[in-house]
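Chain IDs A, B, C, D and E follow the sequence of writing; residue 1 opens each chain.
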Amino acid sequence: MLEKYIPADVPVDKRKEFLATLEEVTNGSGRLMLFAGDQKVEHLNNDFYGKDIPLEDNDPEHLFKIASKAKIGVFATQFGLISRYGVDYPNIPYLVKLNSKTNLIPYSAKDPYSEQWLSVEDVIEFKNYSGLNIKGVGYTVYLGSEHEHSMLKEAANIVHKAHKAGMLAVLWMYPKGNFVKDEHDPHLIAGAAGVAVCLGADFAKVKVPYKNGKFDPTLLKEATTAAGRCGVLCEGGKKIDEAEFLRELYEQIHIGKTRGNGTGRNIHQRPLNEAIKMANAIYAITSENKNLEEALEILTS
Amino acid sequence: MLEKYIPADVPVDKRKEFLATLEEVTNGSGRLMLFAGDQKVEHLNNDFYGKDIPLEDNDPEHLFKIASKAKIGVFATQFGLISRYGVDYPNIPYLVKLNSKTNLIPYSAKDPYSEQWLSVEDVIEFKNYSGLNIKGVGYTVYLGSEHEHSMLKEAANIVHKAHKAGMLAVLWMYPKGNFVKDEHDPHLIAGAAGVAVCLGADFAKVKVPYKNGKFDPTLLKEATTAAGRCGVLCEGGKKIDEAEFLRELYEQIHIGKTRGNGTGRNIHQRPLNEAIKMANAIYAITSENKNLEEALEILTS
Amino acid sequence: MLEKYIPADVPVDKRKEFLATLEEVTNGSGRLMLFAGDQKVEHLNNDFYGKDIPLEDNDPEHLFKIASKAKIGVFATQFGLISRYGVDYPNIPYLVKLNSKTNLIPYSAKDPYSEQWLSVEDVIEFKNYSGLNIKGVGYTVYLGSEHEHSMLKEAANIVHKAHKAGMLAVLWMYPKGNFVKDEHDPHLIAGAAGVAVCLGADFAKVKVPYKNGKFDPTLLKEATTAAGRCGVLCEGGKKIDEAEFLRELYEQIHIGKTRGNGTGRNIHQRPLNEAIKMANAIYAITSENKNLEEALEILTS
Amino acid sequence: MLEKYIPADVPVDKRKEFLATLEEVTNGSGRLMLFAGDQKVEHLNNDFYGKDIPLEDNDPEHLFKIASKAKIGVFATQFGLISRYGVDYPNIPYLVKLNSKTNLIPYSAKDPYSEQWLSVEDVIEFKNYSGLNIKGVGYTVYLGSEHEHSMLKEAANIVHKAHKAGMLAVLWMYPKGNFVKDEHDPHLIAGAAGVAVCLGADFAKVKVPYKNGKFDPTLLKEATTAAGRCGVLCEGGKKIDEAEFLRELYEQIHIGKTRGNGTGRNIHQRPLNEAIKMANAIYAITSENKNLEEALEILTS
Amino acid sequence: MLEKYIPADVPVDKRKEFLATLEEVTNGSGRLMLFAGDQKVEHLNNDFYGKDIPLEDNDPEHLFKIASKAKIGVFATQFGLISRYGVDYPNIPYLVKLNSKTNLIPYSAKDPYSEQWLSVEDVIEFKNYSGLNIKGVGYTVYLGSEHEHSMLKEAANIVHKAHKAGMLAVLWMYPKGNFVKDEHDPHLIAGAAGVAVCLGADFAKVKVPYKNGKFDPTLLKEATTAAGRCGVLCEGGKKIDEAEFLRELYEQIHIGKTRGNGTGRNIHQRPLNEAIKMANAIYAITSENKNLEEALEILTS
């Protein structure tokens, strides 16, 4: 069933590996639960230390403990963080996030450029000699930035090189910059998702669409159709009430037709056991075809 | 008859292949019907979803269905889109559009730069291992942009590398930027077409020239002469009445001496069957030497 | 006699070829008649279509007809134009102009950057597999532009690589930009010519020096001395009266001590036969040691 | 005990060497005394000549005399300085600082960019053919600068290449630029330290955190936790009273949980013998588990 | 005695050649007389033509005649100029100046960037196949320019690559740009000289330090100490009275402890015979341990 998601730039001798990876990380569902752990650069220490955040979240190993003990599709974070903890956590399915920037310069002041840190070749070589369980690569594209051209070029190359190696490629598609007025506009999000499929991505992580400032899963349909064979993942965003989070996730998938989700803070800003349960609940809805009630039960189990 | 269109930078052992390609994509006419499908990046989702656009156009596969069932010269779109659908549509004659940008930054605010995404070598390698029917490459040059120099350099290299591999090269020649006052000026369009032949292009896609805001096919003569052995293709532009579109196309070719056309929205913003007919009608005029009446009959067949 | 013009960076095994080329393109005179045909990019279609320009000049093949039938030293134009017509005009002595820009952005608005399109290696490879009669390469340097550093670097490399391959290198040395007040200042022109010899160029094409807005051949002496073993060529500029043109040319060479000229519009903005005669007259003065009267006779022959 | 500090991108056949280096430069303590000697570029001659600075500090060899006679972890300075004195000081444990900039442009005027001078490959090759005792490489990242993306990319590559060669990588993590309001903010410093671990660094040199303009070692805890397996080193800063310096150092390590320090001026702005004693006292606290009293005794020995 | 000036990045098998070169160009004195001839780019034709400049100076061969007949350490000029005259002047000891810019843009208007023209590899290859007597390479660094980072990187690489080939590297260290208020400040000059040794240079050419607008040789001591094993050369500057020039030179060396000088205009802006005598007098003081009286005698010999 997932064969149609194998792009033509995966060479014949890598198609089996690519398909197996896709099946494994989606539990055969085609839907990806992406545990997002790239915020230590993107948001500096804001997401890991402060009011209502448990102290243990400040230690980067917290992310690895969750990723190794919970059910997840992939754990997305920077190469360096993986290299520093990977020896002790070799079985986590990793997605190497290849670019990141800090939040020190406001988007209103300067159009963002998040440049690729390491090459896909570096990742492949590292995967081979370290034996780590690396499943794919990720990259953020800021559409509408004056540096858009550089990021489009890097993204196109990353996706293609990942596919040539039989690996997955996920793009964070975020319109940003001086001329982007409403990042939550459903039509703009559909446009961004459409760019992702033109870049050849397997999955595109996008903002949640709003109408009059409120989420409605039907708003996602334009984007999930426009993205075609590229699966749309909504970002998790700020930590909110668990039940509300899971209900929205369920609707995103079953009404909006997203093919997964990308969640960070709503998982790791909890004590380890709670974080694991939350991750498992998200995974249940995303990749195990569980309904909302079943997912909520996991939280209280 | 088409031998004179083989440039000297096609090596001897590739001349036969180049000529065969040119004959095949032009049906021996030397005139190219280019089905333009790069708008998902260039215009985000504007051309695929909205008032008067059929819902099926929002699914990127719509483009591939048309391209596989209609008569076309080449289907021009991004590498990633080809890679995601190409396995199921291996026989479409593809032209890989190597650069694209979004429309989020207005031309009045910043001079555009659309950078090359992937190399011609990537395309050749992909063509070989995927077995897809790739006929050539395309690239947009924004003359008059402060980034003109980068695009001229990339364009010159793309054309030359394509020719060395026996492939066609089509350039979108669009003057844009702060100092370009009238993109529809016939003299400016002739200048842009002249740059294309100096870059060695096989075909140049240009804006339609206007006089007092109106199209007149004689306005094209300066450009089609100035382009010499580079064939001029007028862009299709926004969707208009079919009969009017076909009449203008006929006049562009027979009065203005264009050597084809590049049409997107006027084809794909229709239900599949209508889109196929429209493409076939355009192809009939462009590459089958049919007259306007014969073409119009195709629409109602 | 011309041995002193072989630079030390021509390797021993290429010195004979370099000398033969220099003798051939200068008819043994050491003076070069350069037929400049790069204006289709530099001036878009302004020089080829309009008032007082014969219609046939609009077809780029006009340039090749002249270059193949008239006596010339070299025909300087872009790679792509050569590749599109070269098969039918293999015997023209070509000089590949490696950079060009359009005139859409005024020099007063932005300092110019004309970037190298293709590499000298591309030219050498093309020369070998196409069999075309390529004698050298050309490049424009805009001194005083904020991008001067990029052009100086590219120029130095182009000259050196051409010499290593036994080919000639001609530099167009044009001070331009916000801080260049008078391009016709004899002292500035001498400075530009001096930069050319420091870049190792064989010939430098410069503006015509003026004093109080008027040309005087003695004004060239500073430049032709300062350029040392780099030959100075005055540009032809706008089309003027033939006799006046030839008289100025004669004085440039015999009083100003230029070593040739670079002429475009004064040749190609004429019907073919007249253009050929004008080219022959220019060649007679430049490379055949003819006097003004003999040259004028050619025009009326 | 230090095995957990071997990152996964150190290849198997280099792990032993990497561990031995880490043990050697930290005296088995895991804590690094870094003698910082890169100020001749960073501060020009301000730190070496002037009021209250002994004349001998103006001679660059002063740094090498200290580094060779005192107990230190590594001596960090530029490649060129090492190359000019290294023959006479082959046993100093060097850390090659790969980028540096001068202080001529104020941070308030232009966001800083300190570019990598030489490659890690250059350092490895040099280490091999010179026989010098090179232990690692260093690099400064100015987070918040508009050039942050270039420095993040260079840093990620430097760390990874150093690890592949079995060498240590230390990053100077300094938020700077127009949008950085308080470099001594503990939360910002924690963020910077967190970026360092995401870049894979072994150690991160950071500013000293202040609350209401005063140092308090508990302010470091957020950063040292956030940095995880990347050791935090506080910079030494301007020369202050020795006893105060050592007390702060002791508290940084034992209360703030830093894993070393980076000190320059507080060592080299003294006559040789005093400088050696000060270095030894710092080393005693940092890497020999000595208490403050023991360290103060060294000063007066 | 000069062994201590062999940097550690000269490989063992090149140390003998490097030492021999250093001894030869300094006449065993360790002090370098650098005949600076790069002004045809740096100052355009201002230094070669005009009031009080002999006409023969306008011919670039004048420089080669002086360099071949006078006693000099090295003749520093651009690659292209060497290539055009080198065949006839193979014995001059050349130093290839690898970057240069014109003076058309005022430093007050835009921070300068002088980019490297050709690679050190080009120079080495050229030296080998031309047989010219090339001793080293030179490069200008404009500290304080917003492009400082590019020049620091190029300089570090040039010095290292020259050393790997057993050649000398001289850096012109000139603080310039919007934030450089006084280029003749002794402390700033000392800082610039200190940067040169951190870049690994063999010699650094600097501005002459002033106090209250006047030269005093003791002002050089800070710089010559700060530069350590990198020899400081004062620039010659504008042409002044010969005796005054030589007296200042003597004091620079014997009081200020410079290790040579870099002189252009004070030599070449004279008729050939006078220029040769002036060069010989400068050489006598710099590299032959002659006193002022002996040097002055050379002028009148």
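The definition used in the following text is that contacts are C-beta pairs under 8 Å (C-beta built on N, C-alpha and C of every residue); 3 or more make two chains touch, one makes a residue touch a chain.
Composition by chain, UniProt nomenclature: A, B, C, D, E = fructose-bisphosphate aldolase.
Here the structure is a predicted model, which means the values were calculated and not measured.
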Which is the least count of steps on a path of touching chains running from chain A to chain E? 2
Chains in simultaneous contact with chain C and chain D: E
Under the over-half criterion for shared residue numbers, do copies chain D and chain E use the same patch or different patches to meet? different
From the mean C-alpha coordinate of chain A to that of chain C, what's the distance rounded to whole Å? 57
Whole-Å distance, chain B centre to chain C centre, using C-alpha means? 35
Shared-interface residues of chain A (touching two or more other chains) are none
Sort the chain contact graph into one of these: line, ring, star, complete or other. ring
Traversal of the chain ring from chain B via chain C: B, C, E, D, A
Please give the residue numbers of chain E that touch chain D in the complex, ascending. 4, 6-9, 11-12, 143-144, 146, 148-150, 152-153, 156-157, 159-160, 163, 175, 177-180, 187-188, 190-192, 194-195, 197-201, 222, 225-230
Mind listing the chain A positions that touch chain D in their complex? 38, 40-41, 44-46, 48-49, 58-61, 77-88, 100-102, 104-106, 109-110, 113-118, 122, 126, 129-130, 132
